[in-house]
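The structures considered in this document are given below.
There are two complexes below, and they share chain A, which is joined by chain B in the first and by chain C in the second.
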Partner chain A sequence: MLLRYITRRMLIGVIQLFCLVIAVFFLIRLLPADPVSRLVGLNSSPEGYEQAARQLGLDRPLFEQLWIYLGLSPDIAPGLLQGSLGVSWASGSTVGSEIATFLPVTLQLITLAFILAFIISIPVGMLGALNPGKAADKGVFVYSLFAGSQPEFWWGLLFVYVFYFQLGVAPAPLGQLSPMTFPPEPVTGFMLIDTLIAGEPAKFFEALHHLMMPVITLAFILSGPIIKMVRQNMLRALQSDFVLYANLIGLPRKRVARYALRAAMGPSMTLIGILYGFMLSGAVLVESVFSLGGIGQYAIRSVLAFDYPAIQGVVLVITAISLVVYLLLDLIHAAIDPRIAY
Partner chain B sequence: MNGDNPLLRVRDLKVGYEVPGDLIVPVEGVSFDLNPHEVVGLIGDAGSGKSTTALALMGLARPPGKILGGSVEFGGRDLLTLPDAEIREIRGRDIGIIVQNPRAALNPMLRVGRQIGFAYRAHNEATEAAARAHAIDMLRLVGINDPERRVEAYAHELSGGMAQRALIAMALSSTPKLLIADEPTSGLDVTIQAQFLDEMWQTVQKTGSAMLLVTQELGVIANFCDRVLVLHKGRIVEDAPVRQFFAEPQHPYSQEVLRFYHERASGYPEQVTGGAGFLRTDALTKHFPLRGSDKVVQAVDKVTISVAKGEAVGLVGESGSGKTTVGRCLMRLEHPTAGAVILDGQDITALNAAEMRKMRSRMQIVFQDPFDSVNPRWTVADILDEPLRVHEGGDKAARRERAVAALKQVDLDPSLMIAKPRDLGASTLQRINIARALICNPDFVVLDEPTSVLAPRARNSLIALLARLQKELGISYLFISHDLTTVRYLCQRVAVMYLGQIVEEGSVEQVFTAPQHPYSRALLSAHLMPDPTNRRVDNPVPAALEGEIPSPIDVPKGCYLASRCPHVTDACRANPQVLTDLGQGRAVRCERVVAGEITLQEAAHD
Partner chain C sequence: MKTMMSTATAALCALSVAGAATAQEILILAEDVPAGLNYDGPAAAIPSSQQGMVTLLEPLVGYADGETVDGVVVPDFDTFEGRLAESWTYDADTLTWTFNLRQGVTGCGGATFNADDVMYTFERAKSVSGAAPIGWFLSNVASIDGFGPEVFGDDAAAKELGDSIVKIDDYTVQIRQAEPNALLLPVLTIFGLLIFDKETMEANATEADPWSHDYVNNTNAPGFGGYCLESWAKNEQITYSSFPDYYRGAPDATRVSVRRVPQSSNRLVVLRSGQADLVTGLTPREYNSIADVDGLTVAGVTGNENLFIHMNFDVEPFDNIKLREAIAHAIPYDQIIATGYFGEATQWNGMVPSTYPGYAEVAGFSYDPEMAKSLLAEAGYPDGAGLDAFGEAFALSYVAEKESTLGPIVNVIQTALREVGIPATLDPIPQTQYGDRQLVRRDLPFAVNDQEKPIGVDAGYAIQLFFVSPENGGLNNMVNYRNADLDTMWSGARVDPDTASRDATLAQIQEMLAADVAWLPIVEYRTQWAFRDRVSGLKWYPDNSIRYTDLQISE
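And now, the complex of A and B:
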């Protein structure tokens, strides 16, 4: 049952991705941009221009380009079917390998930030819902208003100013490790894991230390909407018949709160999924402030360079990850709430 | 009737709901006492604040409600001022409660067994395993079969009746000193309803506790309560012993509620003569295909009924017996699988769409939920105008005049013409539905439980209205109901359905005074007549039918009742039973009754 559901969702996901690939492929080519002149410079000779266009494959008819990208003409170049995202026009290395270096940085950052945001938001949101209108609730309201009132790079800069310049408890915002440290062999791409694989706990803690500020910044931003959502879902749950009944039969206050929390978590999953998918590319400002080199930065670089294969690759990978996250959260929702049938 | 040492003493209880910009106070100063050993009924209109009062007795209000004042003294302490931890100890241990909507009261995310376990462990020292064993025992006690499996179920996997049983089990298991039961049997079929009330009543008697029984049913009050409280406009307007209440109600509201009880002396409605077979069905059958299977749900099985001109025929039976489907087939809202429906000599199952549209003005239907059948954005004028426009045309002014006349006919004020459904209460809207059904002067109306969502007073006046209209206009009714009391007042003849078949048919007097078929007997003996001089709890009652109604998918080969009938023989199980005419308009589907092998018991109700 479960397996069939997952398979079905995966199949639908593949179809969605396929449609997305086609759409993105044509949409970026509709842009009034000339990637070739971008590459060779505006005042190159016509021959040079043509040669560059040939190299990029842009001299071929549009559908032939699509065929190659999809991997239907493997004799010319490998494509999606062969598991290749193509070659970046800007750097000349494969898009796949570039994404593999940038993506883990972002995944590591936002996953940790979500976990931290959750740890903060659940008790705070619960507190607000259990004492609606009281001081604690008002404090929560002010906090979420405050956190959402400024853009994240501003908070990032402020935190850097306070914790690095003034207090000196945070490292300089110069990447995942200090510039003097020799990074470990990239195995998974996740710095925290790679340092452990390399057996270098000192570097592990250094990486953790460097992650601290960006994670806190993101969690600070994220906790605003998450608190609001937890509070609201919790309030609704507290008004439900079964919570009233739980009170009527004298269940302890703690147990009643847990009933309500569980009822509040299910509907929260959807928003979490959307937020996570958004953060995959939306964390770019924080990545920039702390010079982490994440997928958001890579995406922007690719767009500015009209690097079509890179843009397509990033969109495809981010969407695929979002779809997997949605699926996972739906599975969690179903595990929390037995009324949800596959 | 207040004892010196009441178990519960309620004074000036006040509860309000904060709605944006306003404070509604449905309970504004309720005072009463409850004594040990006493079963007290609380009645009142829908929305009169019965449930609100019941919750407030335990110091709670449904959000956004708030207890605004008063005191609830229990065991020498005021529950409304007790610290949270102390009142939680009393709730569920000393005061048990059964709420109105049992399925919603269970946590949808936890297995039923765990919830019962939590409730048990809130007031008892027990390990998780012991609590689970206790939960299984309790479910077995309230007659849930296979309790080992059911404790693993979630609320949405239980039927409403099972959830109700679980709640009853939870409430009774701690042997509370006070049991508050808010319409504890509203979702149950009459046969089970009576069993449960019996059980609760016995528990109260055995343990010397008291029970507050919130209900809208006079039958429940008459048969189980010692004393009656009437809640009206936020206050207790009458507090009287049950016999006195029925005999000499003091407050005008109580008098109106009891009107039918007092008019009962007038006997059964007169039989109509002539015009027989004005509407009849011939072996009407309806099967619903079952999705993902080649089986069918046999909802209606060869039903043959006949309604004379100006006659009201009642169709009664448990839920799921196929009553509504018969009504829908008559109106051709459902196309019968086989059989004919004949109105005034014309087979309407053979009509084409245009002919049927014409026929629709001659036959109408009124549904159970008045809000279901009207467009919420229309005004009453629009609602009443629609059938006229469709069936008769004519100019606007004349149609409007007809609509006003129709409103007056159902005792409503013409000023309501501009109202919209949400401005109206259920009973007013139901009258408008009736006005709409009658506006094209139909010959025949199907009434599908038109009173079941109404409070007793509204129900009474609607029945009176229907009876009056029938007399004045000479319309024929098919009155579908599981409420035997209203059938008794409105109908001349009655047909009893079980599992899609008619098992007994006759005049209301015949069937009500001397039911023949074992199922009719069980149904009638379970029915709670509003008569405090002949209380169920004072007389031994014949055993109710065992088990549950079989599934209409795999119907038995022989008699459909065989699995539950106390008189069953091997022959019954083998022979399909046929509806046999006994003369005098009576018919019964039971070979043993026809052969005279089952002797008639005492008349169930006179």
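And now, the complex of A and C:
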């Protein structure tokens, strides 16, 4: 039953992705700019301009370009059907290889940030809900308001100034490793994993140290809405009939809180899932502040350069990941809530 | 577990010093690292990519050192000196240049430089097989015979080198021009005609890519430069190690790491902390903030960077000379220099960079709001009455990505224009959209521009690039300025072999342009760098890239 549900969702996902590919293909070509002008620069001739347009395939009719992109004209160039996302117009590298480089950086960053935010938010949100109106609840309210009140780049820059420049306890915001450290041979693209695979624990801890500030910054921002959500849902759950009954029959407070938390986790997980999908590209400011070459940075670079293959590739990959995350969420919902069955 | 913890402790302790460069190694922080190393490839127009090219590849000729200004050596554009070419002669009767190549030069890949490398470089340029044919473009600008637009046709023979560039022997090459043109030596200094190591290039060619574009776009640019590529992670870091057998002497900095740090404030903070040695691309405010910091130096030169106002002759009311003059007198030049550049700029009294050969100083405009109002009335718009009818024409466009630098300046300009009755508004637009409207559509009515640097160091080239009509050879006449007299004069100057008479014609052209307010030049601002005191020897080049081989590193 579950397998059939997953298969159905995957098939729907493929259809969604196909529609998105078509929509993005045409939408980016409606943008009021010409990628060729950036490619040739301003010190070039009309002939050079036309040559560049030919090289990019922009002299071909629009539907022919789409055909090539989809992989229906493999004699001209490989396309999606052949597993190719094309070649970046900004760098000349394949989009697939670039995404494989940039995506793990972001996944690593936001996954760690979500884990940290989760670890902070659940007890803090529970604390507020279990003590409504008391000092602890007010403290939780102030924290969640504070965390969500300023943009992440502002906090990032502030943290860099305080913890790196003033206190000297954080590393320079120069990426995943010190510039003078040779990175390990990429295997998975995840620096923490690759350093372990390479058997270089010193580099593992260096990478962890470099991730410390961006993860804390992002977790700080993320924990604001998650705490609010957990607190609200906990409050609601604590007022529900089954909790009132549990209290009435004298179950220990801790066990009742656990029951309430389980009921509160469903909606909270939904928020976390949505935030995770959003953060795939939304972590761009934190990536920028800490010089992490992540997928958000890549997306921004591609949009500013009107690098059509790269934009299409990023949208496709982020959407695919979001679809998988939403599917996982539904499965987690089913695991948490016995009323849900597939 | 205990071992793990002790390793962690040791690692974290080591981190406090990690990042600091050792004696002869330097760390440079920049907005970006090369996106590609192929000057005929997709990243050729990006300055950070050009920086990579000039680090790995060498030109045939270069400029001799000129005077030292504020600690930075500037080139003497009137004196060429050999690089990979040791000497040369020119036969005016046959329009042929004979280059005697340097012997005993080797590259990082172990290849020995000879005439085959020069032939290969020009063959590749003429193949126009890359995404952006810069090598062909420069050869065309210099009138090298056979490098005309016909190479873009279907005739495969037109893409072959033919007899315009000939290998005489292993160390002698001849280049023939189609007409007298003073730009040959200047273009040979530019990044778009740097010499490749043929042997390594061909070893990395494939059937689908015989000119190794993929290899140079993504892996390495093999040449005969002072540095070899050690590692390169696009969007992150590039590291070069010095080449001990470099023909101009082993570089002082043994290892140069360039790290991408997108936020200029972070580049500044890391430099101040002592973990970086040199940073580029700070805002004028940031350079100013560290001007007096002990242990740091901010150096700069007035090179070829400038700011001007673009008014489109095809858009009303900018076709009205009185209106253009009114705007010229409404601009508070000194305030822009103080507010936008913290004094690191001077008013630009010219139409081409003042450092370029052939530059002629022209009468600059003064800030005079009363005269601006009077000229506005003469233009038919007393106190700006009637200008609202032109709607979006007064939306002052500028590149949105440059907000931190241009933002304060456009605000000063908008305020000043409104004071005399011109209804200016601000219109920040993305770089690509700006480039498209400037280069392709040529429909930007009113804009502020600070990014035009003619790569050919010559007033004649700058005039061709920006002011000659497209039908008469103009390349990027973004304001649609048309002047038949100018076109005729420029055509004559282009092939004039007599330098004095050519310069006189070019000076006359610059005066015409100033009188017509073809562009409204505002300021020339200094190209700046900030570095630790242990770094010295910086020289300025017209591409604004640093040559790491110039740097001296002290303990």
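Note that in this section the second predicted complex is superposed on the first by the 340 of 342 C-alpha atoms of A that agree within 3 Å, B and C clash if a C-alpha of one lies under 4 Å from a C-alpha of the other, contacts with A are read in each partner's own complex, and residues count from 1 in each chain.
Keep this in mind: a contact is a pair of C-beta atoms (placed from the backbone, for glycine too) under 8 Å apart; a residue touches a chain by one contact, two chains touch by 3 or more.
Bear in mind the structure is a predicted one, so any value in this text is a computation, not a measurement.
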First (chain B), second (chain C), both or neither touched by A:Asn247: first
First (chain B), second (chain C), both or neither touched by A:Thr270: neither
Which superposed partner A:Ser73 touches (first chain B, second chain C, both, neither): neither
Partner chain in contact with A:Glu50 - chain B first, chain C second, else both or neither: second
Chain B versus chain C, judged by how many residues of chain A each one touches: C
Partner chain(s) touched by A:Pro338 [first = chain B, second = chain C, both, neither]: first
Residues of chain C defined as touching chain A within the complex: 4, 7-8, 10-12, 14-16, 18-22, 25, 27, 29, 35-36, 38, 41-46, 128, 130-134, 136-137, 140, 149, 152, 213-214, 217-218, 231, 233-237, 257, 259-263, 265-266, 269-270, 272-273, 275-276, 401, 430-433, 435-436, 438-440, 451-452, 454-456, 465, 470, 475-476
Chain C contact footprint on chain A (complex, rising order): 31-52, 55-56, 88-93, 98, 101-102, 157, 160-161, 164-165, 168, 171-175, 178-183, 201-202, 204-206, 209, 288-289, 291, 293, 297-298, 301, 304-306
Of chain B, residues touching chain A in the complex: 55, 58, 60, 62-63, 84-85, 87-93, 96-97, 99, 101, 104-110, 118-119, 122-123, 154, 156, 170
Chain A to chain B touching residues, read off their complex: 238-242, 244-253, 255, 259, 262-263, 266, 336-339
